[in-house]
């Protein structure tokens, strides 16, 4: 019982981190229909830049994070402008963007490896100490992480609902000709979408970097989890991704507890298969 | 206000428009007739930048706009209301109308335009918080027209506004278009199958057949046989 | 007609060269490279058959190869099954497992989902391998797998792989030029029209999926008998990337493309060793550059050169 | 030989077809007309299995073929063409026909027969992408015909053709009907062409049957004229 409750709590925490991981994927897919196979490395880059600023220049956490996110935003825009934009105009863009981002992911992963070396890094935790409620023990750091994740999700949904750019992104996601007719600059919105998604992804990398160890290759594992989550939640659905991430975080924690960590991947795969066969539009994605 | 000269337009390899020339003067209502599949919609799409023409010139308020991206054309004050509507179906009526005012010049007058839209379509005011995917065909058509009006436009191009609507709804839509013209003095270019209605409200008509302008007439000079012959 | 003949002549010349190469002062090392080339070009050609012709966006073909390799390795090592049996069995087992577990579900899905599913499938294999350490050797892999025949040298392996290479290429050539191949072109040009003319996309794709995984599994079997070992690193990112690079570099959806790509990558990768740890960076950059700037690959480059030469010749003929 | 009973199709809240029933006799040429958006192409797509119907049934030679897939329907002997000229543009003309012959008819030689029937021998090896509109339409027709179909469904085959080409095409349609005994359902916009080609026709409006009966009497039907030329009795009516 004690173990189970603790596992559930830690599942909830990793689930909320996975949620931010999945958000970047689903934002890009929802608006531009590009499936970013270089997603994991983007998160890793965000985390590494923050780590570098923190530990080499001694920049405090907040400015380091902001600097890193500013870099991610411009990086996302550049990636769209100079690679995705031309590829999307060609036939067979659906798979060529997949292969391109895959190649770019490996390229960037190895650039990270060259620059920062293979040694494991970690971003220091935000707050020390732990919270004890009966037999349940949670680190204050993890409580802080959950809080930050909640704020990010709330901020994003407010952005999509109330800002002009956010509304334009939703409009483009729902109907490109409709968006053109009301005078939305599709290219600009696509570019901003990539910038936003890279920023969110970089941020999720920073958060993951404070909980797990960081190495240049860890992004692939994060990314595949992100894939399963967005498929579960329905491609392009933000709320679906959040719910799916929490569910999968819990499943992972329970599976690790009872079967051992080695079975986590096969279980993810089987779940993924079941969802794809029963509801290719995802458990929560209502529309196709 | 709008001058189209020698426009050639292709749908992949198929030539849809062949040297089309057309004028719309300030404050005019011009109707475009012709059998289906003969290039009416393509012409409107070419003008508003959704289907860039291959050759020819399109001048709007004296500026060349052929080949410009659609959003720049909208920013110059030209709105297109597509036959397919292309609404944002997971958004409310109000959100759709707000997005209509996306161009910068439209935002200061958003309130005024919204009032006007609700004035001509009181039904939309009642349903402002309803999702567009749950609207009836007629209501969705109203949203499409309303969204076009929100962009603070000086030329409105309407593509088959009455298509697929019940007779009562058709009347409502035509009344609204008439109102838009009378109360706002809007210049209108309309494509319509309901010839009788469109004829009544327009100053001039063009008839397109096989991608070419077959003839142009003032309303007084329209020969009904001529139109009939083109259709049958 | 003339240019068809010189192309044919060139192909024959290359094949004769490969046939005689072991006697033309080949070192054990270069023979080893050729063996790698034979096997990888088969993997690449089959992948291309799925991806380029049948439009199945699979990212799991390295996994198919590993299944074949492990099957053959385990059969030969633990049960002493002779290689001429392990290789076909490897192919059949791979095809059966992969088609049932992956093909049947994946082929009902569209576009991106196939890529996702196959990638995750291949990603799951290493953890399964570590889980079944007793028979698969876990992270260490299988070693000292018996060769094709006792006392086999590099020349023997060379010729066996060469024959296998020719046979598989012949099979692929026949498929591409069969009604099934035509069906895929038709589906690519207009899916609905093909469907209404009686083409069953699912069935045609399943055929290719089963056959292509069979040949890839068999290539895995060839690999373990020719090289003697296999480990989860075969499933790693590097072989995956190398094979994608072969297909993209050579030319997706062309018959000769992946073979040319395999040649460039297998022999070129040896030069890349000089680059040390930068190798994967360069490979990633190579793939990106090709997709972005030269999506037709080397084959297209050849075609452009050929057209230029022809035009040059045609222009000169009347004047002289 | 072919019938639909109460066929309906809706996409979400949009009703594209409502309770459409009609029958086609063996050996007949049957016409379908109606204004844009009336549901003609949707009707074809439902019949050939591209969309499943929301309700209603489809019968072909006494067999209920509702919910059959397009390839199964083709194998039963129903072939179709598309409104947008569609060919396999990277294949040669002959290979276009072979797709129909091999997969539809499972009889490769039918491609040669169609090649001869439509007089396409001269362009046999040409890639389909480099053809003029008329020949493209012939190739599309040929591929459908090569499936050894008993029922051929043509979706606005004459759109975009010149008058001379239309006459040529009509001649071919009549020959297919008479010489090969193929039953034909044809969607056409120009009513005079349909009247001259068919005995009976169906007029759709807003997804519903507006007129079903003798082609010669169609222009006498007030509602048809109204639908074609707009409300209030239509200008034609007002004029007379």
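Order of writing sets the labels: A, B, C and D. Residues in every chain begin at 1.
One rule holds for everything that comes next: a contact is a pair of C-beta atoms (placed from the backbone, for glycine too) under 8 Å apart; a residue touches a chain by one contact, two chains touch by 3 or more.
Worth saying up front: this structure is predicted, and the values here are computed from it rather than measured.
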Kindly list the shared contact partners of chain B and chain C, in label order. A, D
Once you find the CA centre of chain B and the CA centre of chain D, what distance in Å lies between them? 31
Which integer distance in Å separates the CA centroid of chain A from that of chain B? 42
Could you tell me which shape the graph of touching chains takes: line, ring, star, complete or other? ring
On the basis of the stated criterion, which chains touch which? Give every pair. A-B, A-C, B-D, C-D
Show me the residue ranges of chain C that touch chain D in the complex, using the header's touch definition. 179, 182-183, 185-186, 188-190, 192-200
Given the complex, residues on chain A that touch chain B span 164, 167-168, 170-171, 174-175, 177-187, 287
Could you list, by residue number, the parts of chain D that touch chain B in their complex? 12-14, 35-37, 83, 85, 129, 133, 156, 159-160, 189-192, 206, 219, 228-232, 234-236, 238-239
Sites on chain C touched by chain A in the complex: 51, 57, 59, 105, 108-113, 115-117, 119-121, 123-124, 127-128, 130-131, 237, 241, 244, 248, 277-278, 280-281, 283-288, 291-292, 295
Under the definition above, what is the set of chain B residues touching chain D in their complex? 13-14, 35-37, 133-137, 160, 163-164, 167, 170, 192-199, 210, 224-225, 227-228, 231-232
